[in-house]
Amino acid sequence: MTYEVKSLNEECGVFGIWGHPQAAQVTYFGLHSLQHRGQEGAGILTNDAGKLMRHRDTGLISEVFKNPADLEKLTGSAAIGHVRYATAGEASIDNIQPFWFKFHDTQFGLAHNGNLINAVTLRQELEEKGAIFSSSSDTEILAHLIRHSKQTDFMNKVKEALSSVKGGFAYLLMMEDKLIAALDPNGFRPLSIGKMANGAIVVSSETCAFEVVGAQWIRDVKPGEVVVIDDSGITYDTYTTDTQLAICSMEYIYFARPDSSIHGVNVHTARKRMGAQLAREFKHEADIVVGVPNSSLSAAMGFAEESGLPNEMGLIKNQYTQRTFIQPTQELREQGVRMKLSAVSGVVKGKRVVMIDDSIVRGTTSRRIVQLLKEAGATEVHVAIGSPALAYPCFYGIDIQTRKELIAANHTVEETRQIIGADSLTYLSIDGLIDSIGLETDAPNGGLCVAYFDGKYPTPLYDYEEEYRKSLDEKVSFY
Amino acid sequence: MTYEVKSLNEECGVFGIWGHPQAAQVTYFGLHSLQHRGQEGAGILTNDAGKLMRHRDTGLISEVFKNPADLEKLTGSAAIGHVRYATAGEASIDNIQPFWFKFHDTQFGLAHNGNLINAVTLRQELEEKGAIFSSSSDTEILAHLIRHSKQTDFMNKVKEALSSVKGGFAYLLMMEDKLIAALDPNGFRPLSIGKMANGAIVVSSETCAFEVVGAQWIRDVKPGEVVVIDDSGITYDTYTTDTQLAICSMEYIYFARPDSSIHGVNVHTARKRMGAQLAREFKHEADIVVGVPNSSLSAAMGFAEESGLPNEMGLIKNQYTQRTFIQPTQELREQGVRMKLSAVSGVVKGKRVVMIDDSIVRGTTSRRIVQLLKEAGATEVHVAIGSPALAYPCFYGIDIQTRKELIAANHTVEETRQIIGADSLTYLSIDGLIDSIGLETDAPNGGLCVAYFDGKYPTPLYDYEEEYRKSLDEKVSFY
Amino acid sequence: MTYEVKSLNEECGVFGIWGHPQAAQVTYFGLHSLQHRGQEGAGILTNDAGKLMRHRDTGLISEVFKNPADLEKLTGSAAIGHVRYATAGEASIDNIQPFWFKFHDTQFGLAHNGNLINAVTLRQELEEKGAIFSSSSDTEILAHLIRHSKQTDFMNKVKEALSSVKGGFAYLLMMEDKLIAALDPNGFRPLSIGKMANGAIVVSSETCAFEVVGAQWIRDVKPGEVVVIDDSGITYDTYTTDTQLAICSMEYIYFARPDSSIHGVNVHTARKRMGAQLAREFKHEADIVVGVPNSSLSAAMGFAEESGLPNEMGLIKNQYTQRTFIQPTQELREQGVRMKLSAVSGVVKGKRVVMIDDSIVRGTTSRRIVQLLKEAGATEVHVAIGSPALAYPCFYGIDIQTRKELIAANHTVEETRQIIGADSLTYLSIDGLIDSIGLETDAPNGGLCVAYFDGKYPTPLYDYEEEYRKSLDEKVSFY
Amino acid sequence: MTYEVKSLNEECGVFGIWGHPQAAQVTYFGLHSLQHRGQEGAGILTNDAGKLMRHRDTGLISEVFKNPADLEKLTGSAAIGHVRYATAGEASIDNIQPFWFKFHDTQFGLAHNGNLINAVTLRQELEEKGAIFSSSSDTEILAHLIRHSKQTDFMNKVKEALSSVKGGFAYLLMMEDKLIAALDPNGFRPLSIGKMANGAIVVSSETCAFEVVGAQWIRDVKPGEVVVIDDSGITYDTYTTDTQLAICSMEYIYFARPDSSIHGVNVHTARKRMGAQLAREFKHEADIVVGVPNSSLSAAMGFAEESGLPNEMGLIKNQYTQRTFIQPTQELREQGVRMKLSAVSGVVKGKRVVMIDDSIVRGTTSRRIVQLLKEAGATEVHVAIGSPALAYPCFYGIDIQTRKELIAANHTVEETRQIIGADSLTYLSIDGLIDSIGLETDAPNGGLCVAYFDGKYPTPLYDYEEEYRKSLDEKVSFY
């Protein structure tokens, strides 16, 4: 049995703006700073005095908007944009957001970060009423729910639709006369509101976009909120009061950019604290600390400071490695030809190395890096992971939907250590993680979703329930 | 008077191989690891049992070789490759290397890293003999010199030609039956020889390519050497004995990859020592150390360890910023829209920051970063530079050919500090630099060329002499 | 007031196949022969044992399917394809056919040639029931009508939907288990059925595709028919009996390829007869006949034979003129720089020329060609048009939807002659046209729609009625 | 033994202009009208007050100059341009003209139509003097000859070089201060001079370019002439007096555009006369005349008029067939799928057809068309060829360099008739050809080169002599 090597992937980022004469351009720069949340497609939809227009395509934001004209044609003072992560096979342009729904009497745009867990059921119900879906994306469901709602007031149609969808979602809805932002009742996905110097309101999956576009953070959208932004300002409303914060802990561990802050906590600082806590939980002797670039450099800094060991650049990532690169043949790979990551023998030779990584998914990458370091002369390689062991799938917007992909779902720590060839393996404890992030909240697990580590999901699983139950009984042997 | 904002640029990288069934593929991966030395063009020329073939184009190596077929058509067991840095306007494909010279009875390929200083004179002499040049590149001169040589033995023609050209050069010459590597009498540019597990010999501008292709380092080519590699092995010969090592110190400071070693010294380690020495020379109080990503991270590590201050990720570089990116308009830039670098206010707010950078060219970038850090809340920004002040041009292969581009050529340290808006400005001393690199040699300046800092060039300047003398009298006021 | 220069444009061509192992490839070649019916977009949807797949894009069929892989990935033994004509601004890929509708329990594809005249009304009714349209194309309406139909049997849903749409249409509907072809009650658009040697059934807008794919013509689809093609063969059914043949006469005059036959009449032969009839109606003296390439060459042959005048190549069309060509600036155009058409002075100098063209829309092109011929030395230019004067818009699938575009709607023949600068101007009579085509039928106007010439439309105009009535009162002065 | 299907190919077209503010644009339109002379590459070199600049690439002129900016950047009031025909494998951009030679003190551009027959000898001699060629093209030789000339006056260098090269050539040489045009001593290739309304002088391979750019023909360049065009006007000079007109008869038969005139004879008119003469030499009964589109339509007109038979459109060429088109697989081809040419059964069914074609090279195409016509129902197909049988290669600029490609070199007329499956086969007689063209000259063969038909070459064959002699003894059996 063979497994595909997979890394963790976020499902999308959104950015919106209201009240800026160059709304498309600002959105472009905002999306650029969210590029790490999705590289398979991007789009921007603008609103020019009630007239919507859009440009979208597969690829990076810089590929989608190759020519200044692609942006310049998107006039208007309001916009929503989206960067998309897509699993292979769904790369059709039909699925690239923002979606744009046009009617004889109105139109609106829609962008979505997250994953619905009752999508199959809702879609079937809607199709039985005559609905035709133009994409395979969950996102389109909200539009059909709004159009089929029997409510008479438009905002009530929206609230009814938001109450029907379950799972993780951060929506941006561009109407002819307003921009609407909405978050799921658990706040699984981050969504923040900021303000530019000229008074324009911006909404973004991450606050790093605010630094880039020169905006000041106002506050994060809260679970169950629906926020209306129009020429009269910002109106905060709710579509449900049955809420409880459970923000995805993987945002802090891996996904979010280190310069973002989520619910008031800077991501780099949280990671450095995780590294420091990991150093306290680490029980071995070593000479130097080496972080796996780029995601684990903050944790490596924290580990080095707490442990007193020198932090060294023992692994180098080639900055020119792109998706379009020709890969070495199997034969060349066996001869040692590799491109993405090099171990620096001048640094690690003869040293006992603590290799810091943010997480282990399948173990394949960890095994390779351990091997690289040993070939470069490291005498011992102690793997220290800045998060607990990933053992359960996510249904709220991260692409780990099966336990088969997870080495920790099927192997003990000692088995894993042997598989990856390390001299020791240390995971951060769940409590250590929660303390390191340190949100100010009374919610369980410190306001975090840690279901990937303990299998306790904050909501029912709806359409996924049965498949998930079955997966718990599967035992998969790696390697 | 306006100045263009310029960063330092290396002029090219070369890679060669003899004796590998997939010579083109290995060269591709080798060049990929040298991509930082030139991004404007690339090419590979292979030798299949005496039949040469070539593919070259403008762009990154991954753009030049978009399709596997581009590589597969280059059969043969030997190859030379080149990545090219080019100033605007010379981006013609005619100038992209390797060059390929075909005759009715023979043919050869040629790749070059460096800059000749008597090129104008040589070209004029050759044209008066009827020579027609097909490019504006210095590199072609060597081929005409070889063809016009009156020597009868081919290697004597090559040696005569090598003795005629002056300046900095590392040449790779692919003949039908051998690969020739040659280095200038001062060894201004790095050039190393390695061996793969299957016995193939590789030659590269930097040893980082050896890690990538799985080769072991044998030794560096020495000043004045001409090395012949063919089926019988490696033969080391010299074309001159009037040599003296003066390797470009900027290779250690900025250009070379941290995982490369030059003349036995690992580049990351040298930089870390520069950072530590800089900490010893630094005279101010501060709270945290922040390196400018990515080139100054090693020096920041060394500074932090030596000073005991925490090393923090206070600046974030967007990894998706590409050459093709649409830039913010002036208007948006004034509104604070920026893309390449963000300061992390969650990290620097309220802190006295030591900002570590590798060098200052025009000062424009330093001024921007200082401003970014202050806007993000840093109370003080102390700029510490991991090299001495750049005040003189380079004629041996780095693109700083006029003093007008250099802030330190025209301003004192205190003036520069005011221009960039820092609270203090510290440069590493020349002696500190030489000691930090620490080559084992008896040559002056520890075997380094430090002419950019002290204006003492290791050779006569030939065609550049007059212009350089004039430039010393020019005084240019910045800002 | 300025007018855009417009030529006549057909709205689309369709091709379908059932029962061929290389259905996509055959469809590709079929569409290639229908390329003249639409150059703005193309697509193919195949059916592989109930699994549908599709490839579509803007551009010529050869641009849409650039790589053999684009075709090879479309497996299956049945297919429908479409070439699209689009007015500027609607070139979005969303509007390129075949459309593909996917449901949780079924899916189907749809391609359409023609124009609906009650589309606005139907779309509004459907949206009020919750329908969301994913394109601005009329074509999508049929799918929504089928899905909203209360009929229980699928074919009854289809027939109900076909009865609801009004105007000109030839539909191909690819179901999981059958291919359905349907024609409007007047048979405005051509649609023919053929059979390949291996038994595969093909359906095409024109029979020229049958020559190209090696198929034998069986018969044309009749007005009001719905034809089902599946593994058991062909079943002819009707959805209405209220039918009357009124095939678009412009198909014979201009659109269809000369090698096609429609309702049994070869197009080249019909045109040659129009040319001969035109010669009989022509009242002037002349020396030579020159047809405007390429569409008027058949009529010129007929005219020359009937009149006894020599047929000469007095106008040359540049075969390399493409849509992407850089056009001469206004300045160069005034200096006489032109690219598409040249007059041959060696042929026309000193001659009285009969210039044969198929039709006059705005007159701009005719005026230019007359001028070209005179500049090349023609002493007289007598313009003879192979059809009656175009004075009324078409609503059934040809892109002349406003009278403003038509010179004959606003000017007498004598005025037109003066505007185009001809020495005489002769149009073919309506009766001459009908006789030349010579369909075997009892229907009015010999089974032809000649509404462009006499303003008598075979159906009510529905959504277009009001606008059309108004346009009759507008008087527009050209030039 | 297999043979490649080959059609006749011209080797290149040239266009030059002096004294027009938009020289590049005019050259673009001029080259566009010469596109039929070469489709593999194109380029334009302009002269802006002594500063030369160039753009060239593979592909059609419309592909090479995709963006208006490609043209606009070529400023200056003088230009030379080239369209290139290339045999496979030589498609490198290095061989695309105009060539551009740059020296420390001067520079010039060069474009060439024709083929040298002593190129191998000259190149070897030059390389022994140290010359390095940058292309594999014959054209470059002239530049090296000029640079190695010991003459002191530049025009004398040029004349000496022109006297050294042998074969067919029409050169355009762009100097900093003048445009030079030169023709070989036999005038094998056409070259005409014209004048635009604004006084600009243009030079072109064919006069059709004059119609397109709005220029008046002045006169054709004569054998052995070297023409200098500069700001003072046109100066006609000669580099040799040993001249004799032998213009390539294939220019009249096949290559040149019908609207061009060569040495005063319009090409369409010449072809029509060939068709009429062919009708007189034709000895069979038939019902209709069908010309193979597009090159044989003129001859078909002449044949029809002379014979009194109706001229019919029995073969249709698909105007959208492009080089990039996906071709039918062998399997589909056997099922009758074809794309480029269709026979119109509605026209040819039951008819005895005279099929007019301009020439037969290998016979493969003729055999296919005969088969197409018979499958479409023609009862007899009489092939009548508007030129004598092609039996000998050309060395002066047409791509038939071996007798193996020519069916008439190895088969009698009767054998050929059987091979192509025709009911009769008639070639035009050599005298009939010469009379039909009817040049006013005393030169042998009416001033034409008819060596392809009788093997009598107007010059020694130099480097080709030996290979040609050998080929006369080879007998190759087709099919």
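Which chain is which? They are A, B, C and D, in the order written, and residues in each are numbered from 1.
Heads up, the rule we're going with is that a residue touches a chain if its C-beta (ideal position, glycine included) is under 8 Å from a C-beta of that chain, and two chains touch if they have at least 3 such contacts.
Which protein is which chain? UniProt says A, B, C, D = Amidophosphoribosyltransferase.
In this text, all values refer to a predicted model and were calculated from it rather than measured experimentally.
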> Between chain C and chain D, which partner chains are common?
Replying inline: none
> Taking each chain's centre as the mean of its Cα atoms, which chain lies farthest from chain D?
Replying inline: A
>> As a quick test, compute the distance in whole Å between the mean CA positions of chain B and chain D.
In response: 50
> Whole-Å distance, chain A centre to chain D centre, using C-alpha means?
Replying inline: 62
> What pattern do the touching chains form: line, ring, star, complete or other?
Replying inline: ring
> Which bits of chain A are touching chain C when the two form their complex?
Replying inline: 93, 101-105, 120, 123-124, 127, 129-134, 136, 143-144, 147-148
> Which residues of chain C touch chain D in their complex?
Replying inline: 22, 25-26, 28-29, 32-33, 35-36, 60-62, 65-66, 68, 71, 196-198, 208, 211-215, 257-259, 261, 266, 268-269, 272, 294, 297-298, 301, 305, 310-313, 316, 318-322, 324-326, 328-329, 331-332, 335-339, 342-347, 376
